[in-house]
Amino acid sequence: MSKLTHLDEDGAAHMVDVSGKLVTRRSATAEGRILMTAEGLAAITQGDLPKGDAIAAARIAGIMAAKKTGELIPLCHPLGLEAVSIEFHPEDDAIRVVATASLNGKTGVEMEALTAASVALLTLYDMGKALDEGMRIDGIRLIAKTGGKSGDWHARD
Amino acid sequence: MSKLTHLDEDGAAHMVDVSGKLVTRRSATAEGRILMTAEGLAAITQGDLPKGDAIAAARIAGIMAAKKTGELIPLCHPLGLEAVSIEFHPEDDAIRVVATASLNGKTGVEMEALTAASVALLTLYDMGKALDEGMRIDGIRLIAKTGGKSGDWHARD
Amino acid sequence: MSKLTHLDEDGAAHMVDVSGKLVTRRSATAEGRILMTAEGLAAITQGDLPKGDAIAAARIAGIMAAKKTGELIPLCHPLGLEAVSIEFHPEDDAIRVVATASLNGKTGVEMEALTAASVALLTLYDMGKALDEGMRIDGIRLIAKTGGKSGDWHARD
Amino acid sequence: MSKLTHLDEDGAAHMVDVSGKLVTRRSATAEGRILMTAEGLAAITQGDLPKGDAIAAARIAGIMAAKKTGELIPLCHPLGLEAVSIEFHPEDDAIRVVATASLNGKTGVEMEALTAASVALLTLYDMGKALDEGMRIDGIRLIAKTGGKSGDWHARD
Amino acid sequence: MSKLTHLDEDGAAHMVDVSGKLVTRRSATAEGRILMTAEGLAAITQGDLPKGDAIAAARIAGIMAAKKTGELIPLCHPLGLEAVSIEFHPEDDAIRVVATASLNGKTGVEMEALTAASVALLTLYDMGKALDEGMRIDGIRLIAKTGGKSGDWHARD
Amino acid sequence: MSKLTHLDEDGAAHMVDVSGKLVTRRSATAEGRILMTAEGLAAITQGDLPKGDAIAAARIAGIMAAKKTGELIPLCHPLGLEAVSIEFHPEDDAIRVVATASLNGKTGVEMEALTAASVALLTLYDMGKALDEGMRIDGIRLIAKTGGKSGDWHARD
């Protein structure tokens, strides 16, 4: 028998029945970073602060992707997201992206936050790829979630 | 003036005009890995070889996402992909995903390969998240591309 | 600080958090018109009454677009629309389109009604454009909304 | 006056207002089969049991299509599906597909179950079409539904 | 080794490489029928001839679905369809739907014609389901295709 | 017989067969404006020049909508757009939006330019609606097109 909740006892994929779960306030925050050269970083952030259409496009793409999560990830439930936001933090050789999604619902929004972060990072990659073919997207992970039966959770570091 | 090809001289985003580019055979290969516990890895791969609906679902999700690249990444051109394939390589503490896309067209397919790999990895995350909340997606990058004016390119390592 | 609710204090776009808002019955009605030559108008309406596949196609396109609002307008919440209808009123030199959407939810449906009207009008444009390249879409606006904290509202004229 | 609930008294299509309907637990099960040659059947099912990526791809396609029902069928309401599953039963000269969808909501999920079954069958068709151009999809129908004002219903045979 | 062109030698699904195929004029015609009671049939066709928004909605839904084939069927290539049309033929106890798609391209459009017919039939089902829960969709199949290496093909009956 | 190219001799909608048309370079430019109060205008443009995420979001939404034209407008062909750009011109009491799309193809891109302008305008409406419920979108029209059998065309004023 499978230990994966998304597979039944025969290993067949299904969209898990969440009808019996409680509606609670749920949120999730995910992060990831894109490593790039100093030149790429300067072009995208235009100096110290992230601004300009490069960051704006990545932000919009990430927010729109959060709404498409159920369309992209086969076994995710379609959800009525109530809030999505994405932050961009320039670092020495990278831009860190932090995405947060939330709703009142029967199932968590980890995949929505992770999808938003991933697509925002891919959009930055697309922006920078003519300058730097060696970019790398790293460390996409959940950093916190609240709500649901399992309660609050934070990544240890 | 912006160094980013996706922004015009005022920093405004646009879909770059590729009408004057040559139609050539173009392909791109991208990779990434998802790090997980031994328990998660065993559940997803069901032993030594990747099989079962977990891997199949991630493969299908990645292929379908390649076709949605122009819908997800704001400034990507809509493309008539001619081939997409995705491989899954179990490692000691991770599954490595390698996605390849190709076509005859006026613009490269790096973003299609990267998007396919990213969504396949997110689907594996979704499969495993009930077992392991500490998974991490790492090292999403282009490993090779062919075709186009800039010619062939391979990641150095 | 921005006065726009869709931007935070730094001017960054986000999907506004509506989790604390009350679920109430909300509806919105929007209108717009497409101005065309007598020849175009006759072809589309086939006489006095709007009928035939031209109007039907525009109606279906508008209803389907209402369901896509959250996919088209970046910061709109995905909504579970409970009713959508679209009326077509032939005028002397135009067709007036009136779209109404409603639901029980935490946020208004103005954008759904406006998007439905806009796409219905664009579909009429597409129908008529081989006959008349000088058509114009005018006066897309909200004419009434009900529900929500701000209460009922009607356009003054 | 039209007897069709999806058309108003003038025969114009609209998305029926369900705001006054009760939220109840609703489910629907639909089936259909694809008839094919022994060769096609053996290739897809790889022997006695349905396994391998052919069935897995059809299952994932069906589940994803259930979530797209409101996008495909013009007058369907967008729904927050809470569970979807699809079974594949090999028969002598066919594969029977059974799809079940459910939610707590104001409107039934018959179309979601029927759409899931139809797209799973079309995906099997696509898999087998290079081997067998004479396949046929037959008997797509509702076999049971529960919930809603009209109560439970089962197909007679 | 798999006999299915959509699976590689390990049984893994992929989008088949069509880059080496010739661009030729290709078309495909598919049919299917929906069986319903006399009451349902009369309501949808409003007498002898199919007219009104029921048929128009099914026609538009089918045409739009043809364009979504690559999004619905996992291994289909995204195609630039050049023509789609759908006919509705009322029969004694059924409506027969015939869908034709065509393009100049490297791969056939069978799945586009079949998907258009299927979604048109599902839309008729949705229209009639309040009147008749016992409808059945039958006989979805390819009736002709032209173009490509395998040349023209017609169903035998 | 219908004068509308999108309807056949029986008035039935179809996607017109463009297979016999020549591939030529085609472009289209469309415009429209959104009228708003001085307060709304100042908030969106943040002074003299359009900048900040409000304009960026509208620009991205418009570009993405151009790529969705074939999905929104029932009888439009799916097209491989090669360039899309959108300009925002603040006026005394309005923002004027100008959208341009182009490709080498068999059919014109008027609807793509008009859809891009319409969705950019709707996104500005969404941004401003909390400040000003009386906004109006006006004057959506084609201002120029090039390419195709009918040759170049410019609006007279």
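So that you can tell them apart, the chains are marked A, B, C, D, E and F in the order they are listed, and the count of residues begins at 1 in each.
The criterion applied here is as follows: a residue touches a chain if its C-beta (ideal position, glycine included) is under 8 Å from a C-beta of that chain, and two chains touch if they have at least 3 such contacts.
Keep in mind that what you see is a predicted model, and the values were worked out from it rather than measured.
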**Report entry** Touching both chain D and chain E (chains)
**Finding:** B, C
Query raised in the report: In the touch network of chains, how many steps separate chain C from chain E on the shortest route?
Result: 1
Report task. Averaging only over C-alpha atoms, locate the centres of chain D and chain F and give their separation in whole Å. Result -> 36
Report task. Find the geometric centre of each of chain A and chain F from their Cα atoms only, then give the gap between the two centres in Å, rounded to an integer. Result -> 31
**Report entry** Computed distance of Cα centres, chain F from chain C, in Å
**Finding:** 16
Report task. Can you tell me which residues of chain D touch two or more of the remaining chains? Result -> 12-13, 53, 56-57, 59-61, 64, 68, 71, 74-75, 78-80
Query raised in the report: Which of line, ring, star, complete or other matches the graph of chains that touch?
Result: other
**Report entry** Chains that touch, pairwise
**Finding:** A-B, A-C, A-D, A-F, B-D, B-E, B-F, C-D, C-E, C-F, D-E, E-F
Report summary line: So, in the complex, the side of chain B touching chain D is made of residues 53, 56-57, 59-61, 64
Query raised in the report: Hey, which residues of chain A end up touching chain C in the complex?
Result: 25, 56, 59-60, 63-64, 66-68, 78-87, 102-104
Query raised in the report: Where on chain A does chain B make contact in their complex?
Result: 2-7, 11-13, 32, 39, 43-44, 46, 52-54, 56-57, 60-61, 64-65, 68, 71-76, 110-111, 114-115, 118-119, 121-123, 125-131, 133-142, 145, 153, 155-156
Query - Touching residues on chain E, where the partner in the complex is chain B - result: 8, 12-19, 70-71, 74-75, 77-80, 106
